[in-house]
């Protein structure tokens, strides 16, 4: 019989599969009992009328990261993880960004140092590989993978980040061998660059032209291309932040034939459109991200994709920049969208928005919400079953939601440093009130309850889609034998 | 602290979401605790080295049913439920078949009487609606639904069962209003009838011609048509026993656009092909079912559909007939496939086959296996969370599997009455050894441990896909207002 | 050197392939020379600045036909063919409609008698087969085919006309054997009937509800089904009057895989939408046809289908009814769309509309216009090369167009008897001024130049898609051998 | 009355639209009369029992071209055009290849000089643009277009030829402005390079590995990408030498939605497969071309695409290299497919193969054959109506075919210099016996009848698909206004 450090009592416990009235008992930071009626612990949280769910995992966010243009995010690992926690999350996976010339190991050490002393919840890193030299890909990358960074991201666009298809094949081949997962930012660099250059030459530099340059066809083309590269080697990939209807279709078509293609989308593609960028002056810069929000038909396609399983991951792509010279409006030139930092905040509102509009409006079920909030990301990124669920043996990472709370989103109430919210004034129903990380109460009664630096680094294991890759067809095995 | 009637100890507990080493505590037939280490109960099962999974739900089987041709199934509710239990199941949903002229309520009473005194595990009924008069559809069907038969099946083929599209719309409209789920046997009657008549007139009556008459296009056409009928009213449907590649594609295409279309497949479409029917003499009759097994491309499409979520349900379509004059070889005429009863046994091998070839070969994950074995059917057919999972508050319906057991499938070892197995000689790895239903040990040590008649009837609630139907589009609401 | 009865001089001669400045010489009703500069004939038409094109073939029109509801068309073979001639046509293929119980041969004799004494241009018949008895299908139909009615139409809707899928297979099989072409009116009868009944019961009888009852899914479902029936036997079919986006997609998808599926569309699906039916009172009845005009997305799909070859045939589906008690507003009941005759006039405007909006706006080329106006129909319906082109040896059926003429469509200027035009007030650019049939000038200077009864019956040969059907795959040949 | 220089009498004259028994009268190299019975000319060819068709246009061939690897084709403009003429052609469009650093105008002058003194039939050039500098694209290319090279080709692969997507957009934009047509060799360079490098490093250099390196996904990916680039600007493109099933599908899907995408295929994709390359030693090099022949499923897809209009152009992609050190087996290294010249001969057999297997086996019609042999290429490449048809005013370019002649293809009977035939021993039925170019008899009785240098250069006009591009959508016009 456990001697509980903490119990969560009388709530409705929700996982990706189940919904049950019961108590949860915690010992040494782990769940040890899920039962009808537990003996009191050293501390007891009453969850009567509340939903007791796994703490969210925001598996795609940019924190304390310097962009390739040299602009530093508004959030460090303190403000970032605090904001995440207030938004119902207990884990973040953020990026450790290699700039060209960097050694991956130095990058990791650098980011580890940034996070270690500040994070209030647990965190892991996806490496961004931007300099795919033979040494980086074949020597450093395997080392990094073995240190628990079992996923990494490649870009098909941005001058300073972009890999070409040859390099992506190199990376995919290493991922296949080392059992890691490749995330892809899929936009056609040349298309964006070509349109943008012409727009700017002709004086069309306002923020709204950012969405013109990032044509939906640039996204769907690159998405299709990334999928074909993955099919050549039968290696899983995950297309991040999918925004447009044709990109959704390309992904779903590949999945239909058994191609190992996963996909992620974000709140901005469910709740915003390109029309939001079309604001007077530079105001629209606040809604500039890449890919940009699209149109209503794409919104519908993305919702359908969430509901029917085309998307496994729902993340914030939190990329916080202040609407001033430090971020959205850099010093040199305020007249063109090319110089404005890309991205918007989202760590804190990702889950409330999805809960309110997804579960509340009947578009997805409550268990599906948990899968998208936490469980799928835990599995896909190799943290399962430690993270992402409420099961015996799992970390006691819990978000206790009040499903009836009505909250108006206001930047002034957010805990990140971007200073604005793209969803200002939106009313949502349902809010995470109490957050527990490894048995520690992190957020309660609207306040933070932990010190900076109490979050820990997560060395991750083999991503599930990679672990589940069967032997493949005989033809594929023969092909791999030829080239390896 | 519960005083447990039963504990299951030291096993690996698997649900549709989770896999955890822990104990399960049962009281009054329900799970009350899932914990690291429970106090002993009145009875304790040691599950060391075993997988502790929800008892399977075979949601599509024919038991003690007289076919429209007047042939009685080989299994009554005793042999049928015993066979199911030995195959890892704790619930069956079988059919209560209306023949034309029958009152639905009388049919229910009739089938209830058959099952009540014989079943060893829990059971529910799907009504087969074959006589869609105004009285049946608008008066009797709502009554039946309220008595817990919240799903029913319509046929698009068979002379004595077939509804036309008009009647299907009637049924769908009632299902929409009464919040029930319509299952559809989708084959084009006229196509099959036309080909069959010509084949038989020309002397092509051997069993293998059954698969010629049941052309894959007959299935894909009717599947497409059923989907369109459902789209007209935006009512969920479930296409049962999907076999062919084009039918899979039609379903997936509909799901892509958010149409509320669910689908089921069966072992015969994963493990057999039409070549299995082509045997000397009448032997092939053993492999005759409708739709028939197809080809390797269709097998691959069905496997892909299981893996990528196109199919939510995996059932046996158990339809047991002896290979003698009582079933496969009826008295009047042994020369044509038209008189042979359609169907094959499958209750006992459904789960072992899927476990061995699905989980064992890496085509699906272990949690996905549980979802297909039990959880999805429980949700879809309105039995959740009472059935289909291992959660606090759920019925203690448990199958304890030995994942390492190698078993050769032999008809002589099966517990149904059909007298043969379509999979004779197949070796599978993984077998359910101990079966618990509402806390009662039903099967253990290779023997049955309960009396006949100890299973109970399940009055079911609103099917989940129906419960989750949102308000629909404004256009659909306007349309429904016009016609209702 | 021919001694020309007629020359057409100095024009631009346009065929489905060519556009050339030259003269055309005619002898005994046939073209005998196409040359740079011909000697004068007995009569010479100066076509300077004009396009000299094959006379149009309207291959889908209803003339002097009594509907299954008993309503007679407004046009007899005089007014019908006069209107056709003024609209640039030299051939019409109209329907000889079997009502149930009729012998096909008597129907032919009846329609032949109607046409013979009245037609001013050449004509042929498609038989409508509504009573598919064994005698009709296997005895009479082959006789009719041998008399030159090598195409016939089946309906999937209308109580008095509808064949079921079994009967359609019977008809397709005979068509395959006898080398004839089956045209299909593809709408799901039960869907329309079900919606219509409910609409009318609830008082929604206004004309605009006709378009609600004829749901686009009723069309796309039946289109898909007809295609599958044709695929089962690998027999060519032609889907007539295609209106909706999903139906277009179904046809194109089938063609992609080599299925012998042809398709036709009509002006109403290029130029009208369902909004045109939504008029005060009963006025909307003028725009009621089946299928009804759809929406802008469907218009675009139909235009794309014309341009990219999905459609081979462009006809009027001329079905003229007066807006009075004899047609659109039958005596018994003026309150419901179910009693209003379906159809609209179009013989005279089909080609001017297509020329103006198709060629004039750059959506199709001039040669493509000729193919759609005449050549394709001649080939597909077995009249080629006698009809449908301007080639040596072909009938001298010529339409001389003024490409610059601007004409406002006015019912008062039309020559049919329907008394209204759905396109009233539309301005088109390009009009056929002079019409020559077998060397006879039929229309010139705005007047009719021939007597009634001077048109002749066309016994047609093997339709080209049928003639071109190769031997098919080995599997298809084996299947046909089994069933025939 | 013309005083004919030449008549072709008693034949069956076939164009893309028509098939007629008649005579053809020629004056000053042009057709002036097509008539039932012409007066004798200065010379008369009797075509009794023969098909009189437009001389073929081989719109994709490499003649006297030095490859980017420095290897010169086996054929100069004499042997190349002689071989073309013997194969039923009267026009070739070959490539003028810019190597990096070259001025387009110098390239043109260079190739003009090569062709002028040697060609025996008429010829034009497509420019290969490999160095897309601002000067080349924006200054030289418009000059070249105005000199009648209204089409040009870009490569997505080959180190020395490849343009990136940015450059392709530059080229497409100029093509749009200057009304020219861009042809695209669509294979993903990085994919091929990556696989090839690994294959060769591991010793897999035999010719058959060429087909492994040129993975079908490399083609379908690049095809899809090229289509998206064209869609961004709504500019017509023509995908050349399409070989694989997925590439065909990508093209057809684009056409379905009205994208201005044209496509070409070649005999090697209808008659060969990758298995043909798998020969002992280096022999397989004879069958190496890019893309390589694929499999039977792709063959079927390509045949379907020819039949249903997905492909408008059928060319040889004649790229003749001797099977010796001058071509297929270059000096430096005989051990790897990377150093072997790509391509195979085809000028002389393109049309006989298509006639025999296409028309003869009922896969395409006779008029469709003419369209693919000549007419479509004439239109698409701006030579119509001067070339590509038999119409009054057109050049008297005629191929008189004996449809009954059975010919066994033998390299020794071919007139090109490659020294082998990929189709050695194939028996075809139907052969072009007499060839007339601008009224001159070029080939008759198995012999050449003209001197070298008698062919003339064709300055071409606006390609038809470009000329037919409508104004586009309002959104596209707005977008073009923004960026131009």
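In order of appearance the chains are A, B, C and D, and numbering begins at 1 in each one.
Convention: contacts are C-beta pairs under 8 Å (C-beta built on N, C-alpha and C of every residue); 3 or more make two chains touch, one makes a residue touch a chain.
Source: prediction; values computed, not measured.
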{"item": "Farthest chain (mean CA position) relative to chain A", "value": "C"}
{"item": "Rounded Å distance, chain C centre to chain D centre (Cα mean)", "value": "38"}
{"item": "Distance from the mean Cα position of chain B to that of chain A, given in whole angstrom", "value": "38"}
{"item": "Inter-chain centre distance, chain A versus chain C - centres from mean C-alpha coordinates, in Å", "value": "57"}
{"item": "Per-residue overlap in chain A, given as positions that touch at least 2 other chains", "value": "none"}
{"item": "Chain contact graph, described as a line, ring, star, complete graph or other shape", "value": "ring"}
{"item": "Residue ranges of chain D touching chain C (in the complex, touch as defined)", "value": "1-2, 13, 15-22, 25, 32-37, 39, 249, 252, 255-258, 300, 303-304, 307-310, 361-363, 365, 367, 371, 375, 385, 389, 391-394, 464, 468-471"}
{"item": "Residues of chain D defined as touching chain A within the complex", "value": "164-166, 169-170, 188-191, 193-195, 198-199, 202, 204, 209, 212, 215, 217, 220-221, 224-225, 228-229, 231-232, 479, 482-484"}
